[in-house]
Structures are given as structure tokens and as C-alpha cells.
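Consider the two complexes below, in which chain A is the common component and chain B and chain C are the respective partners.
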Partner chain A sequence: MTGGIPKTIADLPTSKARYIGERVPRVEDQMLVSGRAEFIDNATLPGMLHGAILRSPFAHARIVRIDTSRARALPGVFAVVTGEDARATTAPLGTIPDGWGVHCLAVDKARFVGEPVAAVAATSRALAEDALEQIDVEYEPLPAVVDAFEALKPGAPLLLEEKGSNVVLHKQFRWGDVDAAFRDADRVVREKLRWNRLGANPMETFGVIAQWDPSEATLTCRGSYQTQGYMALGISAVLQIPAHKVRVISHPHGGSFGGKGGMRGTCIAAMLSRQADGRPVKWIEDRMEYLVGGAGQAWDRHYEAALALRSDGRFTGLHVTLLDDLGGTPEGAGAISAAKPLASFTGCYTIPVAAYDLTLVLTNKLPTGPYRGMGPPPHNWVLEHLVDTAARELGIDPGEIRRRNFIAKDRFPYEIATGNEYDSGDYEAALDRVLEMSDYRRLREEQAQARAEGRLVGIGLVSTIEPGVFDWNAYAIVGVPMTGVPEGATVSIDLFGKIVVKVGFSLEGQGQYTVAAQLLADYFGVELGDVRVVAQDSLSAPPHFGPGGSRLGVALTGAVLGAAERVKAKLVRAAAHLLQADPGVVVLRDGRLEVPGVPGAEMTVAQVAAVMLTRSDLLPPDLEPSPEATCVWTAPGRTPADADGRAKSYLTAANACHIVRVEIDAETGQVTIDGYWIADDCGVRLNPANVEGMIQGGVAQGVGAALLEEYVYDADGQPLTSTFADYLLPTISDVPIPETAAIVTPSPFTPLGAKGVGEGAMHTTPAAVLCAINDALAPLGVQATETPASPHRLWKLLESARSHAKSNR
Partner chain B sequence: MKPPPFAYAAPRSVADATALLRASDGDAKLLAGGQSLLPLLAMRLARPSLLVDLGRIADLDYVREDDGMIAIGAMTTKTAVERSALIRTRQPLLHDATRLIGHPQIRNRGTVGGSMAQADPAAEYPAVAVALGATLRLAGERGERSVDAAAFFPSPFTTALEPSEILTEIRVPMRAAGSGWSVLEIARRHGDFALAGAVVMLGIESGRIASARIVLFGVAPVPVRVSAGEAALLGESPGRPAFEHAAACARDAVSEPLSDPHASAAYRCHLAGVLVGRGLAEAAARAEGSS
Partner chain C sequence: MTSPFSDEKPSSAARRIRMTVNGVAVEAVAEPRTTLVDFLRGDLGLGGTHVGCEHGVCGACTILLEGRTVRACLMLAVQADGARLTTIEGLGRDGVLHPIQQAFVDEHGLQCGFCTPGFLLSVHELLEQNPDPSDEEIRDFLGGHLCRCTGYKTILRSVRLAARRLRETKAAVAAHAEASS
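For the complex of A and B:
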């Protein structure tokens, strides 16, 4: 249902929107800053036990024997489970593509360091960890394959022997006559680029309290779930209990960015609870578990890419070859991340044809999972790097070459080579704005001066698309068969006119509760505080997905307004009956149902709702006494993918143009970011403060990606970054606060014209910072082609440039 | 990440504490600010049967002038050092070094004694102690003794402390008139342990270098004195040629450079040279400004 949903803020039944579109303080913040939100580790249930997980110390090892008898004998230990229990009572974990799953506890062999091997439930976490030390596991270490290229070779150690290969997927896509484009090009730029593993690091790791009810054979899982309904399906499949017997309750959680995962942890906690006769079992992933064995590693990628162009700088074709290292199994949506770039493959540019040679391979490392942006951020870096190389070779300014290739603002909706359709945009406006804000000409003058002094100053200018409002059909090429992502909301008005909206997700940090409250307060003419957002569990909520893929702001707007429209229809019928008017002439406006032009013919929303709930005798006989309605929204016009993955997938295409100025210390390789400007277009801003938060957070993660973050494994598959002393997140001292400007090109396809922006600057900042670094390095003839651009890596480049210069002398 | 079981004692005097250490036969650990020890316990890398908390012992927490030296109690927090006017004015090197340690939260709890006893190769304080020629006072069952900083850090994460000894005080000399100092480091992020660091002190008399101290940290298992560089500086006039030569000595001074994913041995040695060069320039400017 989309027909009746207001398309613009002006279409809302209010003479002046007081909340939506304004910088409204977030309704969820009171609860968060006062420490009242119930994060899962604060929750306690009667009789609750604490779980701990024993993990493989080897990257690849046969499990010869496990002896749990000493652990079981410890007083206070109530359950011990191993891979044998998993084999006996559970199905393998689901994977994308299908059919590569292993059990939640390793059966027969372990495939990565940190893979769960056994677990204990005891009266305290400390005791449970003591018990883990009493479990004897005999391993027979196997050769590990850690490098993606090695994993492709015949004779490489196999992760799943029965598959006969480590290659999960190998496909070549040709969208148009790419060979001709490259054959006929005036020039081709090529680059090999390496994006190293990094990932989400929410403040709170994953945690769960699982409880079996042996009497009803049901399972309840409370936890820090990003997507409770989706998780419930997976849990049901793995634990082999019907979905209607699994209840997942998402607690408020401290961020996610895709890293919450939780499938293995939930299933293990559930197995423990079942063995402990239904006592609830809490398992909180600690930070080392998160870093070594969690769901937070993503995008371990080897790229080779080429851009074909004409001598005037117009791009004619793009060819990207990606070898994506998924780690131990494809259980964590790593494959989806390799498919999502199709939604914005050619960026902001009119590149008529494109090719993608995609190989997904397994290695003995942690399975990769989703991370904010879900795949395009590395792809955007590759594309923007090629664009900069082209600009340099042709002697065209990076802003100018982009301008020449931008999709013009009058060409929307615009179908890109890979089949997705961009809704709207004005990329030149964003470019112009950011050029002006940064005083780009002066930046270049200062750069010239700095270069003359021997300083390495660089300016990065990049322009990217953020696909918004994800749809499953975007992932068809890796075997996802669905189209449409339902998101539901139920709106009810009580007899005092107060409003409750029930949703299927919990607090995660983005401020969606505030958006729901803003919408309903304006729609029904009440105060923000008269609206309450209530999270429902997976069984109580209408069909839902929750946050993910830059979609919830838009999807929730659709669901809430759709439900509000339906409530309004009921109120109108009741009011018309009470006012003895034709329903066709009764309108809702500013919280009143009225017959325009008839003085006194009006009732407040509260009055009508109260009559509906308390005086059925006054209602038309066929009207249900319920000022409540549900709407389940999904993006309109989505098409199933064709054999090459072409589909109308992500509904919106937000755009951002970033300029960043860096200086590299020529002696040490350290990078300082000393200027940052952003013009961002995510359509109509439902709450500008929320949008700014999304952008600033994305900048922080993008700086981490460009300069700091990397999961490192040694040649045996041992993780070398198992604490925050080695996995380096950006801190307040590393993250610039950019100067920002909003460009507003409303989406013609979404309720109120908003576009997805939840992944924000993560799409743009890594490319912007890395392009700036390479701009600084350009005069030396070297380029950073690997992330992160750490001082050590940059120093090695500087050294090679110096020795090169010497040998040329 | 929960420690294995341990017993806990909070003695009221140094004598009681050493008695507990002796009774436990090397199986006890002293607890100061806990900023290094608690993570080790949580990761089960340290498994003492007894934790002896020094936090209840009166009078291990002070900064005072004593006999022409600055005396610092072992339990003095880094924040207290950072805020001490005596240290800021009379030994600014120590003040500056303190600000490079971790973050305010860590400095609020972490102690001077803890950093010396932890002897982390990348820590600032051991190098500063060596550069300043500090003296460490230790209390044990047989009474007290003093050890020169130069002899206190024999190998990484180990010290001259006997198993039942407690570090009670660190004594540092005051800055000599006409001398300049510098402490510089390269870390991946502000507050991280250094990939490389250099402590430099320079005395300048009548336009000539009269004394020099160069100590590196973060590059080798223990603080490294760049004696060749120090010797070469003596008698020279402060300036680029002399500093570059000393920097080259620093690059060569490290016989067993550390190496990890963040920085190779070669990079660390290179950084040591860069920092010594920059540090000497900074120290010289300060020396000239102060005399």
C-alpha cells in the first residue's frame, strides 16, 4: 500500500508541520543518557546461568577428541555442549550462497581461530570460564590457507572437503559490450588495489539470554539483535523448531553497524539452556571474542580494475575484477557485500557499459559479515581512484573530470548499466557547493606553494552514491531469491487522543523512534510527547526487518504514514456519522475532523477516538470500534533480477561530494587531515540533526578505514589484532569535524521525498582520504594502493620514491 | 575475560606488604593502578594466587622536594605528576612525558611505580628515568636499597625488583640551568604506546654542547641509550650537522629492534633517527631560551 501516503511534507494533514523536517531533539535520548535503556547485559532473569565459549586456537585443525568430564564435574556447572551435540540436535548454519554451512559448534574440524568448539553454562561467567579450562580438546593441526590467491590454487587446503574447492562463487558479468568499449577507448587506466579486512565495532558487542521452555517446546531469545524477525527465522532453521515457537526480543543496543551477528551465540546459548532444563542462559560476547570470533570483520578484497575513456575525459566503460576473501564460511553475508555494489556500480557517472568478474573464496580466517555500507565503500574507492588516475593522466582537474561525466540532473530516473535505477540527483550542485565551501581554488594554490617547499599536501575530491532502502533483489547474483522487504507499524490512538506506534525493532542509535514520533505528531496534530514508540518482539510485531541497508528511515515513514492514513479513514467515517455529514466532506486537519465551511461541525481526534472505543452504539454498524491500523510498507516498483542481476533494487540514490585536505609527514609517513568539507544530498531531511549524526559517524568510520583499521592474520591464520591495542579505531583526536552543507533533491519514489542516509559518509570518506593521500604523493610518482594508509606503508612508499629518485639521478 | 580465582589483601604498611609477598613464595602480585595488571588477569595471562593491593598504604603517594631532588611516591598517579607544579617547573621533561601516556582515564589510575615495575619497552617513564639518571628506592624483607635507573630495566617486562620487593619511591634530579629537553614519540593514535620515542637532554655552555643524553623507547626491548651519539655531540656547536650525525647514531644504536604489524624494525630505527634529530633541535632551542 503506497497510494495514499503523503508524497511531501506539505501533503500532511496539518497547516504547518511543526516537527517533521525540523531538528527535533531525539525522544530516545532521555532514556539513553540517564542509563535507563535496558541493554542486554543489564537484564537478569530468575535462575539465570552464564555461558562461556571455548574457541579453536588453530586456524585449521581436526578435532580428534573432546573430554568434558572434568568441566561437568565442577560444582556450579549446569551444561556443557560440544560439536557432537550440535550435530545431533541442530542443522548447519544458513549461508549465502546456500549450502556451505557448518554447525554452530565445530564438528570434526575447526576452520578458523576463534571458531566455537564447546560451551559451558554455570552460575557465573567467571566459573564458566574456569570450566572451559577443564575441557580437554585434542587437535590435529592441519595446514591453513590464509591468502585468497593461495586458496584458489589446486591442492590448496580445503575448508569444506566435500565441496572439492574453496571457490564459493565465480561469475563474470558483462553489462553491455564492454570489450568494444575498451577496444575503442582512447585511453585505459588500470590499477590493482587491496582493501584489507576491517569492520564494525559497536560500543556494545553481541549478547543474548536464551531460554527454552520445555513444557511448550518454545524458545525465547532476548538480545542485542539488529534484525529480530530475520534472526528468528535463522534460529528456527538451525535449531529445528517451528518459527512460531521462537520469540526474539530485541533489546536496546549500543550500535550495530552490521557487526552484531549473534547466530552462533544464540544457538549455543539455546543449546545450553535446553541442556540445563530450561534455565535461562546469558552469553555476552566479550571484546576479544568480538574481535577474533565475532561477526564484525568485513571486506577482505583484492581488486583489479580498469576504466576506459575518451581523450576528452568521458568514461566509456568500467571493468572490475574482485577476489573477495570470505574467510571460513559464507555464513556472515560477506557474499551479499560483494553483490551490493551492483546497486551503484558506476557511481555518479554515465558509464554506459560495465563488467564484474567476481570470485568468492574461503580461507582459514573469521567469516566476513556485514559492515556499514555493505560492500560499496571499497568499490567506491576503486572507482574514484581510477577517476583520479585518469584525471592525472589527462591533466584534467579531479572536479572537472567528474563534472564531465556526471549524470545530468534532468536525466532522472536514470538506469545504470547494472540495472538499478537512481531516483533523482543533482551532482553538479553538490560539487559546486563543496568547491565553494572549501575555497577549492585557494586550496590548490596553497598546495602548489607547499609542494614548492617540499611538503606533501594533498587534496581529495570525490563524489559517490549511497544506495538507500535496500531490497533483497540486489543480491540475486549470490543466490538471494527474494524481492521486497516488508516493514510494518501499527498506529493506535487511545481515548485521550494519545498515540502509540508499535514497531518491530529496538533502539540502535539512529533516532528512528524520533522520526516516527515527528510524523505522527504532525499527522494527528499532537505534541511530540503525546506519541510513544513501543518495540514489539518478533512474534508480536507486524512483518518487519528493522534497521539495515539505509532503509529504515524511509521504510518506517512509509509504514507509519500508511497506518496513519488507515486510522484517519476510520476516524473520518466515525466523525461523519457523528456530525451527520457525508464521509466525503469530512477532513482531518490540525488534529480536528471537520466539515470545511460548516461552523461548529468539528470534533477533535481524541473525541472521535473516545467515542469509537467507548460508545459503539453511536458508530455506524459496519465500522470496527478501533482507532488503530497497521501498514506494512515495501518499496514500490521493485523488479526481480534478471540472470545478470539487473533489477530495480535500492529505491533511492543519495549523493555526497567530499573534499578533504591532508598533509603527509615526509619523514615519518604520518597523515594529518587538516580540512574537510561535505555537500550531501539525501533528499528531504526528516530530521536534519539525525542526518548530520549519520554523516559525522560515517566520517569517523571512513577515517578509520582509510588510515587505521585492519584485521591482521599471520601466515598460520593467527589473528594479530585481538584487542583494541592492535585493532585501531579512530578516536576523537583522529576524526575531523567537517563543514557540511545540505543539497535537497527530493526522491520522487519515497514518502515525503526522503532518501536513505543511514550508512552515510562511510561510502565516501575512505575514498576521499585515500585520494587526498595519493594526490599528495603524485609528484613523487608513487601511489597508495592498499588500505589502511598507515604511516609504515606510506613510509615504505616514500622510501621507494626516494631510492628511485636517487637511482635516476 | 574473567580472571581465575585469586585471594586479595590490602595491607596498611610496606612491611606488611613485603611480608605477604614473602609468605606467598613468588605467587603474589602487587596491585597498583591496575591499568596493566587487570587486563593481564582478565586474559588469564597472569594467574597470581594473591593480589596485594598497595592502595591502602599511607604515604606512598607524594611529590616533594627532598635533598635537592624530586621524590615521587610509587603510588602517585600520573595525573598527580602531570599537575605537580614542582615537576612542571623543576623537571619539565617528566611533565611533558607524562602527557604522552595513554589518556586521562588511564593517567587518573595508573601510577608511577606501576609503570616502572611494568617495564614496558614502549613506555615513556623508564626511558625518562634512564635519561634523568633517576634512582629507584626498593623495600624488601632485608630493608631498603636504591638502584640506578640504568640498572633497573634488564629486559622487557622485568626489573631489578626481587620477588618480595616493593618499589617505594623514584628520585629524579632537577633540571640544570642552561639545559634543554625534549620528549617526542610516534604513535598510531594520540595516547597509544609509542612505535618509537626519544628522550633528549642537552646542556649548552658558551655556544657549545657541554652535556647530552639520548634515550630511545619503543624501538628495542629496553630503553636504549645512544652513547655514541651523546659522545659525538660533546663540544660541537648545536645545529643541523651535529644533530644529523647523532640521529644517524640513533638509527644504528638499536641492536635488537622490535617489529610488529604496526611497524617493522627498519621503520622503527628510521623513526628513532627522525625523533632524535627533531628532539635535539627542540632541546637546543629550549636550552638557549633558558640560559
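For the complex of A and C:
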């Protein structure tokens, strides 16, 4: 609902917004810098036991026999569970698409290294780990399939034998007459590109305390959950407990980026608690477990893509073929990441027709899950790479070819070939700004000079869309049937005029509590510190999803302002009665309910709230004595998807234009980023400092994706990246600090005109850095077509170019 | 937060250790295999020292030992016998933030806050040694800390702000001392 929700900051009932739109310090921070936040591993319950999980050392193996008798006999061990217990008491894990689930503990066979095989609860973690060593598992190793193309072949080892194939989904989409577009094109550019596995790696891993109540047959799970209500549904389905008997309590957590996971760990901890007669069981994933067996791997992709164009550089069609390696099972929503690109398939460009040949396949690796951006970051790289290739072949500047194809600012709302509608934008404005900031002409001159000196200097210029305010309907092609994502908030005013807002999510880092406090402080004319944000658990909160899909800032604004409007309506009725005025003439302004033009006819919000709560005799008889209201917001105007996945899905389309300058060391292949400029348009910025934090955080993860991060498996499916010494996260010395500018094109569809920005620069930075690298390599006739562009990959390319040059001499 | 060895009877190898933590003398029995971070979190209830990787790369568990930073996941509790330690709980007191903490708040130097206590203690050591560090010196010093949220820009700004405020305070105190002598 958006009925009465203010459309702009100027529409708020305040003469001047003091907080919203400003760089307000975060209300979350006092607790965090003091080390006092209750992250899940800081929580303790009476009688609590500690869990540890035994994991498969093989990528693919029959489990012949498990003997847990020695572990059970250890003093202090209270529960031991295996796949047999899971088979007896739980349903397979939910998957997308549906019907490919396995149990939370491996039954009969293990499908990836790190898959849980057995688990123990004991009086300490150390004792639980000691007990794991006393569990004897007899494995019969099976041939593993690690490569996605091998997994497609007849006769390949099968992950789920009963399915008869490793192919989870194979569909071809044609949005418009793509064949004609390619047949009639003046030119077609094609490329094969490989995006290797990488993932979220929040600094805190997943953790849970599960407590089964044998008397009530209920389950309470406290943990570092990104989306507690959604998790509760999944837990209910797996553990076969009605959803209203599962309570999930999200604790403040140390980042997520989609990669917190926790379904297996939660279900295993719950099984242990049940076997231990209801003693709470804590399980904290360690980093090695996270890297090999957690929710931290995403986007293992093989692309073939082609762009059709006219000789003047206008794009006429896009064809993307994606083979996406989901790993051992589709339990981690990796398939959604393959569907989400439909929300911005053709980027910033007027490409009238598009095709997508999508294959999702299983291999003996960790199941892939969500990661910031949820799929478009690799897709954007593919598209922008093709655009650069086209520019190079046609001799058009990369900025100019993009400009020729941009959706013009007067064409919004604009429906793209894949059916989503972009709300607003001014892509040329962002391009112009970043060209100016970077002094682009000078950059090119300096590049020419550097090339003349034999140096490998490259400039990347890319322009991308960040789909914001996710909707389930965007994922229809992989079997998600819903439309709409409800997010609720309850706003209450106490008899002192202080405000409490209750929400269904915990701290994760984006500063959403601050945004809620900013909104309400301005709406009711109080100080920021007069607003308190309280997290409620999955059973207590109004319908909610929480952070995800660049959505919560917008959705929370809708819910909070919607609830505030409803509270205001009650206050107005009470005040009108008290002031003996017509409710139609009473207004809320700057924290007072007043009758404009009537001196003295005014009361403060606190006075009215206090009367409502303490003097029912003074109220109109039919007015509920409650200055409290709930609003549950979902994006307006969303449409269910048609058979080809076309839908109005993501509500907003933010835009960013990045320019990056890199230099590659010709001897070592090391890339240095020595210039970076960003113009970003995410509509109205509710807290510019928060927005800049999202953008810079996305730059860091994007640089990691482009240059450093990669999960590596050997030919037998053994993970070779099981520590932070192997899986490289960007450090303070690796991340550039771009010069940034804000373009503001308000969204016409959202409260206050804000757009989703939480995934931010992750959509743009990988493509920008990789395009810069390829610009540097272009004169050598080689291109980096695989991520990350690590020194050893670039060195090999440089060597091949050098030997090629020699042999041509 | 509990010790990995809570509820277990001490083994014959357990050792009695004494240390001063955030100015308070403590005495406890520790198993030889207990890491310092598990001891601080579990036995002493100091949950602000976070565990991010348990293999010494991420820096989240950084504390001060005799004023110098150490990774509490790479030390055993028994190795800290007799030492003077400072954890994040000892940096600000009773809701009053240390200037370094305040600078991180003011400059949005954190998002999720999980890595933050470790950063703050390293910055404390840096600014003790070098009250006016350059950006390169800050980067060098903080190169062993991972932050997955911020992209480090606001961390750099926070350190600069903290350094400036601490220098200003020191100068004001010196001027005051001079005026009153």
C-alpha cells in the first residue's frame, strides 16, 4: 500500500526535515564500537550444549556404515545424530527449483567435501570435537564430477541417481525475434567468458542456538539469520513442525551479503537439542567450515554471449548462454541468481530483443548460494565486455557507444525486453559527470603516451543498472510462484511522546535502524534519540522479510511511514475531540497537532498520546486508545510473470557509471588500480553516508571479484581454498577510494523517491575493472576472459602474447 | 558465550594463571589447549573480542598485550600468564567512548561492527606509536585486518579524525600544564 505515504521528503509533516536525507551518525554504532552487541556466539542459555559437525572428506562417496558408539560413550556427550536420524525425522531440504533436496545430514552418500555426515552435542565445543574423532565412518569413494561440462555428458557420475541427469533446468527464452536481429545485424560480437566461484564471506560466520521444547513440541532458534521469517518457513518444512511452532530470533550479525545460510546448521542443532531432551544446543560455524561447507560460494558460471549491432554502433539484439554450476544440490538458491538477471538483462541500453539459454547443472562441489547482487554482477560483466568489444571493432569510444544506446531520460518508465520496467533514470547525466570528473580526454592522452612507452595502461568505462526492491516474481523461471514481498513495521508512541518502532530483522550493517529513526524523528518532530528500534522475532513481528535484494531501505520506509500515517490519523481524531475541532482541519506539523489559523488550538504529540493512554474518558467513544499502528508494505503494481518470465519485478532501477584506470605490470601480471571515478544515481538518498558506505563496500567486493577471489577445487573435488590464506579478501591496501558523485533521479514509484542501493557497486566494479584490464591488453591482441584476473592468469596471457609476437616476427 | 571447556572438569594438565585484564586482576584455571580468545570470551565473559577466522588472518580477535597488539586466536591462554591485557571492553568505560571509538562513529567507520573491536585496538597501538600517521602508514599498520563491509574508506577517515582529536587534546593538555606551571 502506498495510499497516504509521503512521496517526497517535502511531503513529511515537518517544516524542515532535520534527519532524513542527512548524513546522520548511526544509532547502531555505540553498541558496536563498544563490543557490546549480542552476536550469536555471545549468547548463552542455561544448560546449553555445544554442537560440532563431522563432514565428508570425499566429494562423492557412498556411506557404507557409521559407528557412533564410541562417541556416545564419552562422558559429557548428550546427543549424536547421523543421516539415519535425518531420514527418520526430517524432510529433505527445500530447493529451487523444487524437488532436488537432500537431507541436512548425508543419507547413503555424500555429494561434496564438507557435507555434514554426523553431529555431536556435548558439554563443551572441545569435547564435541573430541567426540567427532570417535565416530567411525566407512566410505566407498565414487567417481566425482567437478566440471560443469563433464556433468552434462551421458555417463557422467550422477548426483541424484533417481533424477537420471545432473541437469536441474534447461530452458531457452526468446524475448522478441532474436534470430532476425542476428540475421540482419551489420556485425555480431561474440565471446566465451568464465566467472569462477566466489562468495560472501562476512566476517562473522553462521551460528545458532536451537532449543527444542519437548512439552510443547516447539522449537526456538536464535542465530545470525539474515531473513528470520523466511528461515522459519524452511525449518518448519524440514523438521516437520507447524510454522507457528517455530520461533526464529535473529541476533545482530556480522555481515551477510546473502551468504549467511544456516539451514543445515539450524536443522542439525535442532535435531541434537531434541535428542538431548530439550537442552539448548549452540553451533558456531568456524571459518574453515564456512569456506568449504557454508553459504559462501556463488556464481560458478560459463558464458557464451553475442551482441548484434548496426554499423553505427546501435545494439539490436543480445543472446546469452549460461551454464551455471550449482554444486551438489540446488538448496542454496543459486538458481535464483541465474534468474535475477532478467530484471536488468539488457542493462542501460535499448536492446529490443534478447535470448537466454539457461542450463543449471549439479557437480560434486559445495551448493552455491546468494551473494551481493544475486546474479547480475557476472551478467553485467558479460554485457559490458561485449559492448567494449563492439566499440573496439567499430572504432567508437566506449563512452560514445554506450551513449548511443542509452535509454533516454524521457522514455521512463521503460519496459525492457525481458519484461521488467525501469522506474526512472538519466544515464547520460551519470556518464557526463564521470567523464568530467575523471578528465577522460586527458586519461586517454596519458594512456596513449604510456602505450608509446610500452606500458600496459587501461581505462574501463561501464554503465550498469542495479535492480532494487526485489520481488519474488523475478524468479518465476526457476519455479518461484510468489508475487510481492511484505515488510512490516509497528510504530508506537508512549505517554511521554517517545517512539518505539518494531521490525522483523536484526542488525546486519546497512544502517536500517538509523533510517527508521530518521524517518520517525522527522515525522513526529522528535529528536533522533527519542526513537528506539526494536527487533522482534519471527512470531512477534508483523510479516517481514528483512534485508535482501536492495530492498529494505525502500520497503522499510514504506512500512514505517505507512504506520506513522495510521498513528497520525488516530492522533488527529483524538486531538480534534480534545480541541473541539473538526478532524478535517487538524494537522500534524513539527510534532504538534494544531488547527492552522486558530491560535492556541494545538497539542503536542506527547500530550495527545498521553491522553489516549491514560484518559479514556476524554476520548471519542469509538476511538481505540492506542497511539500505535502497523503497516505492511509491498511494492505496488507488481505483476505475476508470464511463461517467459516477463514481469514487473524489481521496483527500482538505480544506475551507476564507473571509470577505472589500471596499469598491468608486464613482468608479473600484477594489476594496480590508480584511478577510480563513480557517478551513482540511486534516487533520493535517505542517509547519504549510508549510501556511500554501500557503494564503497561494493567497490571492495567488486575489486575482490575482479582481481582476487576464487574458490578452487582440484580434479577430485577437493577444495583448495579452505583458509583466508588461500581465499583472498581485499585488504585496506587493495581497495581504491574512488572519487564519487551523486546524481539524483527520484523514483516515481517509491516512498520519498529512494531506490535500492544495498548491493550497489558490486554490480559495476567487477565489469569496470575487467574492462579496464582488457583495454590495457587490447594492443597485445589478448583478452582476460576469466575471473579473477589474478597475476598468474594475466602473466600467462602476457606470455602467450609475447610468444605469439615472437613467432610472427 | 561460553568457554569451549565450560562444564568440563579441569584435566591434570590444567594450569592456574593470573593476569590483569582491563585493569582488573584475574585468576583462573586454563587448559593448555585453550586459546586466549576462548579464555577471554568464555572464562572471563569478555565477548567484544570476536572470532572471525581462528587462523590469524582476519584480525577480528586483536587485543593489546602489554600495550602491543596480538591475535588472541593465535595465543594460548597459558602464554598470557602474568600479562597485562586490554580488550575492547577496556577502551571506553560506562558508555563513554574513547576518542578512537567516537571517531569511528562520527565517520561511519563501521557497518556490521564485527571486525571493529580489532581495528580499534590496532589503531590505538598505531596512534600511541605515531600520533600523526600518513595514509600509507595507516594502510601499512592496518593491513592485517579484514573488513568485508566498508571498503576501508571510512576507516581511513576515522583514523585520521581520531589522530587529529588525540593530538589536539594532547596539545590542549600541554598548554594547560604550561599555563598553570
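As a convention for this text, the second predicted complex is superposed on the first by the 809 of 809 C-alpha atoms of A that agree within 3 Å, B and C clash if a C-alpha of one lies under 4 Å from a C-alpha of the other, contacts with A are read in each partner's own complex, and residues count from 1 in each chain.
Just so it is clear, a contact is a pair of C-beta atoms (placed from the backbone, for glycine too) under 8 Å apart; a residue touches a chain by one contact, two chains touch by 3 or more.
Predicted, not measured: the structure shown is a model, and the values here were computed from it.
S.K.: Of the partners chain B and chain C, which touch A:Phe345 in the superposed model: first, second, both, neither?
M.R.: Neither partner.
S.K.: When both complexes are superposed, which of chain B and chain C contacts more residues belonging to chain A?
M.R.: The larger set of chain A residues in touch belongs to C.
S.K.: State whether A:Thr731 touches chain B only (first), chain C only (second), both chains, or neither.
M.R.: Touch status of A:Thr731: both partners.
S.K.: For A:Thr668 in the superposed arrangement: first (chain B), second (chain C), both or neither?
M.R.: First partner only.
S.K.: Kindly classify A:Val712 by the partners it touches after superposition: chain B alone (first), chain C alone (second), both, or neither?
M.R.: A:Val712 contacts chain B only, not chain C.
S.K.: A:Gly698 in the overlay: touching chain B, chain C, both, or neither? Say first, second, both or neither.
M.R.: second
S.K.: For A:Gln510, using the defined touch cut-off, is the partner it touches chain B, chain C, both, or neither? Pick first, second, both or neither.
M.R.: The answer is second: A:Gln510 touches chain C but not chain B.
S.K.: Of the partners chain B and chain C, which touch A:Trp212 in the superposed model: first, second, both, neither?
M.R.: neither
S.K.: After superposition on the shared chain, which partner residues are touched by A:His792: those of chain B (first), chain C (second), both, or neither?
M.R.: First partner only.
S.K.: Would you check which partner chain A:Ala126 touches, where first means chain B only, second means chain C only, and both and neither mean what they say?
M.R.: both
S.K.: Between chain B and chain C, which residues of chain A are contacted by each of them?
M.R.: Overlap of chain B and chain C footprints on chain A: residues 124-126, 286-288, 723, 725, 731, 733.
S.K.: Help me check something: in the complex, which residues belonging to chain A touch chain C?
M.R.: For chain A paired with chain C, touching residues are 23, 25-26, 28-39, 41-44, 48, 50, 76, 123-127, 200-205, 252-255, 257, 282, 286-288, 507-511, 689-690, 692-693, 696-701, 723-725, 729, 731-733, 735, 737.
S.K.: Provide the residue numbers of chain B that touch chain A in the complex, in ascending order.
M.R.: That would be residues 1-5, 39, 43-44, 186, 188-193, 195, 260-264, 267, 270-271, 274 of chain B.
S.K.: For the complex, give me every residue of chain C touching chain A.
M.R.: 1-8, 31, 33, 41, 46-55, 57-58, 60, 87-89, 92, 95, 97, 101, 104-106, 108, 110-117, 120, 138-140, 142-156
S.K.: Can you list the residues on chain A that touch chain B in the complex?
M.R.: Contact set of chain A toward chain B: 124-126, 129-130, 133, 286-288, 667-668, 670, 708, 710, 712, 720-721, 723, 725-726, 728, 730-731, 733-734, 790-792, 795-796.
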